[in-house]
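Listed below are the structures to be examined.
Next come two complexes, and both contain chain A; in the first it sits with chain B, in the second with chain C.
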Partner chain A sequence: MMTSPGLGIRLLAFNPARLLAAFAGIAVAVVIMFVELGLLVGVLDSQAIMADLVRGDLVMMSRGRTNLHKFNDFDRIRLSQIAGLSGVGEIIPIYQGTAGLESPEDEVIRRIMVVSFPAGHTPLAIGDEDEIARQLATPRTILYDRRSRPIFGNIVVGEDVELDGALYRVGGFVDIGPDIVNDGAVVMSEGAWLMRRPNARPIMGVIRLLAGADVAQVRERIVAALPDDVSVLTPVEVRDREVAFTLSSAPIGVLFGIGMLAGLIIGAITCYQILFNEIVDRMKQYAMLKAMGFSDAFLRRVILAQAVLLSCGGFVLGLGLAYSVYAYIAKETALAVQLSLTSGGIIFALAAGMSIAAGLLAVRRVRIADPAELY
Partner chain B sequence: MTVALAMHDGLDRPPVKATGTAVRIAGVSHSFDKGDHKKPVLSHVDLTLKHGELVILTGPSGAGKTTLLTLVGTLRKLQAGSIEVLGTELLGLSARRQRQIRRRIGFIFQDHNLFDALTVFQTLKLASELADRRPGRSEMLDRAVEILSALGMEEYLHRRPGQLSTGQKQRVAIARALINQPKLILADEPTASLDLKASNAVIDLIKQRIKGQQASALMVTHDHRIFSVADRVVHMIDGQIAGQSFGFP
Partner chain C sequence: MLSRIRRCLFIALANLTQRKMRLLVALAGTGVPIVLLALQIASLNAARIQVTRLYDDFTFDLVLVPYTYQFLYAGGTFDRVRFNQAHAVPGVADIFGLNVDTNRWTDLETMRSSSLLLIGIDEQPGFVRDPEMAQGLGSLTGTRAVLIDEFSSSDYGKLANGTEANISDQAVEIAGNYQLGLFFYADGSAIARNTDFPQLSGRDPRTVSIGLVQLENGADAGVVKAALAGALPNDVRVLTKSELIAQERTFFLTTKPLGIVLSTSMWIAFGVGAVILWQVLSADIVNRVKEFATMKAMGFSQSFVMGVGLAQASFLALGSFLPAIAIAAVILATIERLTHLPTALTPELSANVLAIVLVMCMLAAFSAVRRIARAAPAELYR
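And then the complex of A and B:
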């Protein structure tokens, strides 16, 4: 039995060169959508990277710190105030600031983010905890973020680098990653940071709860015990807040959304054009089918099967291209741009929807095929 | 002649009493829009086609032969008069019912209108999707070989139109029209692109199908070679039937 999808696919596949060109056309739209979505997700992920890296149950921050790129600090005493509360296990302060790092290659000084915490209490998932503790316990040792943008030069372990004129030895590497504000980072111990800035105050306190403690209940106790100059959030809430802030404060959602829409429209027009040409070329044959007694619904299924085939082929080709483009973008920008099942699913749904919409438009053409014109 | 046999017309309604008439055309007039005026092409045409009859429509270009064929085939909407095809009145028939009627008609056009992507077998298989009872693959293959053999085409079963001559394509189109054993065959110059031998094979097959299955055929042709096999030749001029000739066989 030859089904309508079977007929549609046979007709489209009959001219492989034309089919490949059609796939390529759809693939361009798919790549555009992938890149736009990838950049959007990459920027949002990069902006919220510190929240994702937190190894703890709750995070204390200044109430004035409405986003992770605002360095409002708070009084360290706030951390001590909650140390005795039921359910609270460990509290680790994190300091953050910037320093001028002189590139060992071109000796140009560029700003780099400095993250600091007590040696032996690593509050972030940035590498091997023991190794980080061991290195940070060594005086004047820093750890360099290997995912920093290459503008800082080729920094190697054991090398001495200058931070604001002071020499530090690079003891190893961590994995943090830049965002659209910071190009890179180094990590140093709380002691080393306080030596540079004796009056520094933490910008974040990572709170680890005792085993079995209820996060919501402990948070209530913490909030009740502290004045309202600090807020206490879970890492997920910090991330969500950061994403919401980025989307609301910068027009990237709109920009990338328009980019995706452009890809969608390009894809729909391409798909429509391909299907339209396919129909026009076979108008007499479609009219013949109608004369024989095939219904408009049968013809609609033929065209929609072609639309689905185009979207599948275009998606697969586009996915391959997007993989290469993502690798290039990640290399050039060091942003967390990567293919995920979710983004793949979103783009496939958009590509399929776009092709089906184009197919439904093209179906109107086949519906006017007049079998009376065959005689 | 009135044959009082009960037959089902294949539609969603009770069987009708057949009168032995495959097509009854009564008082049919038709005109086409030509800008702000109408150009009449058929005027009060009356014609009856009995079961088992092969009728040839002939006449000069513009006489209305093709328009009459499209009206009988429900490819065009009936404007005035009455046409009854296989026991069903076409006037006011819904699109769905028109499709059901068309599935019982074998259409043969001047152009083959074959899909370039489908082999001969696939073309026939696609047509068989419309049959009341869809044949299995083995039965389909037997049917296809049988009908193609009758047309001298059995060796081309797995060829695509691009690998066939014009005459061969036309014979495939004829096989497609006949594969579901239609009760009515409507053909427009079916032998125009065929040599004498192929023409004879086509006409023999149509005649055989007509006699064997109580089917009928209405054929527009200027090919005098096949006038001799017709039961009647109807002459049309200026949208009207000018006369009929009988008794060729």
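And then the complex of A and C:
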């Protein structure tokens, strides 16, 4: 005897063109969910990129710097004040500012972010530590972020570029990545930056603890030792705070947040719609099966098998399409738009859930279907 | 002929209203792509308006920009002496200097600093179109007085007149306000007179970012533009107002990540909307293929039966349009309230959405009614 999933699949496969249309319908629903969710996550990730890059246990920032796109700096002495506390290992200041980089191609000067820290210390996970230390120790050398948007022109290692009117040698590449405001970045040593901006103060201090020290305890000691013009957070806390800020306070977060909600709802409705049509249109066959003596439970299993098959097929197709869209957006914007297991899981659950719900609702119609009424 | 069309519409309507539940599901189905399209089109349109909003606040015909100019936020400067040279060109009535600089605003109460787009303007009220800005210009009297953008981030602190704050560590006092909301570029903006701008920005007072040119009555913009381009050295470029606005929007939509993201999602909404419409409409027609075939067997012409199919599709699109547009309008009004982006759904935008939806609907319906054309009455009772 035929199993219920087997029958469900054969019913679907009976008309391949129609099956393809149903797959396509669910696929577009999946694509719209992926795109809206992916854009939101991409924007959130890009805005919080600096927090992800921190290589340390704690981060010190000015209390006024409530998000990473503010430029409140703090007194360097705050870093020296905590150097002697037990448990504190290494403390590295990071400076951030902007400068005008002249494109070697069209000679247009464009704003680029400058990140700097003392040569020999690498507080950010942006490339090979020894190589960065070696390059930054060389005077007038900068490292160029290879993920910068292409607008800056073709930056070649070993050649000179003009930054705010002064020449620097490009020593190599690092990986940082742009966000919504910044188009790119260069890295230079603390000394080189202070030569440009003699009054610059650090915007972030990366604190590494001695082996075996407890993060919470050391943080308490640091906070107790300092006035309340600085805050001390773990990199994860900085990231979470940034995501919460973008989502709730930045207009961009609001725009994409609402877009994502709309996308998810629209996708879910579409899945429901397609499944419902698919089953209502086969009412005759189901009534016939009932007349032949198949139980309601069997029919329910047939329909659920169809829902699962349709949502799986549509999901795979949609995933492929979404992948191309992501690749296009990532290439054009250099934002961190990528497929993630979590967003894939959420979207699959929504697509499959709505399909199954539609299937179950349609099953009620099958239950009351009277074979005699068919003709 | 007319009665035939009327009959066609009547049958379509009767078909649709035969089963109320089914009609509702179909209406919901066609409504979804309409909401989606309206959201995307309005967001993209809002971004396009917003990026050139500052220019909309001024009255001018031509514009002088440095040859390095990309868009408002990244321009460069040129020597103000070019203004004097331009004045000598016949047809030029007046020139207005507009300065922009990226700066920092510090709220003295919380000591929070935020990014600031500092705008410097000449004191020529004839150029300022925005009434609030024009009124504010009159209250810029002291050397520390600035106008503040009401749509600046909440971290800017109190924005009432008389509030003191810092712009790059120099004390300023709020003397008035205006509404701009250029958050694509900075957390907020402030306007100072060009006599105070160099002090606040640290820029050479002899330089200027942008020159807005008004022409004498009757002067031809194209002719004067060519004359200006000939008279000035090539460190400045001359553009008409529409060229500037078009360039500004193109730059945002094709180069800035937000613009790329917004335009990509609009194209995706088009594709998705078309597929969903096709799904819903063809399901609705295919379900009645038997009835259509019977009509054909009764002697109704092919075009008449297909007309019924198309009419059904149009009714569905029109019927779901109002509720869908209403839902979209509520969502968009919420976005506007939260972000100050001009996302509100205007009648013009709604008309655009309706036109696009009707075209998509017709395409989808045409592909679906081909099934009717193929339907052979004899096959029905196999």
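The working rule: the second predicted complex is superposed on the first by the 328 of 375 C-alpha atoms of A that agree within 3 Å, B and C clash if a C-alpha of one lies under 4 Å from a C-alpha of the other, contacts with A are read in each partner's own complex, and residues count from 1 in each chain.
Basically, a contact is a pair of C-beta atoms (placed from the backbone, for glycine too) under 8 Å apart; a residue touches a chain by one contact, two chains touch by 3 or more.
Since this is a predicted model, take the numbers as computed values, not measurements.
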item: Touching partner for A:Ser249 - first (chain B), second (chain C), both, neither; value: second
item: Which superposed partner A:Arg201 touches (first chain B, second chain C, both, neither); value: neither
item: First (chain B), second (chain C), both or neither touched by A:Phe294; value: first
item: Comparison of chain B and chain C by chain A residues contacted; value: C
item: First, second, both or neither for A:Arg140, with chain B first and chain C second; value: neither
item: First, second, both or neither for A:Gln285, with chain B first and chain C second; value: first
item: Touching residues (chain side chain C, partner chain A) in the complex; value: 25, 28-29, 32, 35-36, 39, 43, 68, 70, 73-74, 76, 102, 104, 110-115, 153-155, 183, 185, 187, 255, 257-258, 260-261, 264-265, 268-269, 271-272, 275-276, 279-280, 282-283, 286-287, 331, 334-335, 338-341
item: Touching residues (chain side chain A, partner chain C) in the complex; value: 21, 24-25, 28-29, 31-32, 35-36, 39, 43, 64, 66, 69-72, 98, 108-111, 149, 151, 178, 180-181, 249-252, 254-255, 258-259, 262-263, 266, 269-270, 273-274, 276-277, 281, 325, 328-329, 332-335
item: Contact footprint of chain A on chain B as seen in their complex; value: 66, 69-70, 73, 75-76, 96, 99-100, 102-103, 107, 109-111, 113-118, 122, 125-127, 129-130, 134, 188
item: Complex contact set, residues of chain A against chain B; value: 1-2, 7, 10-11, 13-14, 282, 284-285, 287-288, 291-295, 370-372, 374-375
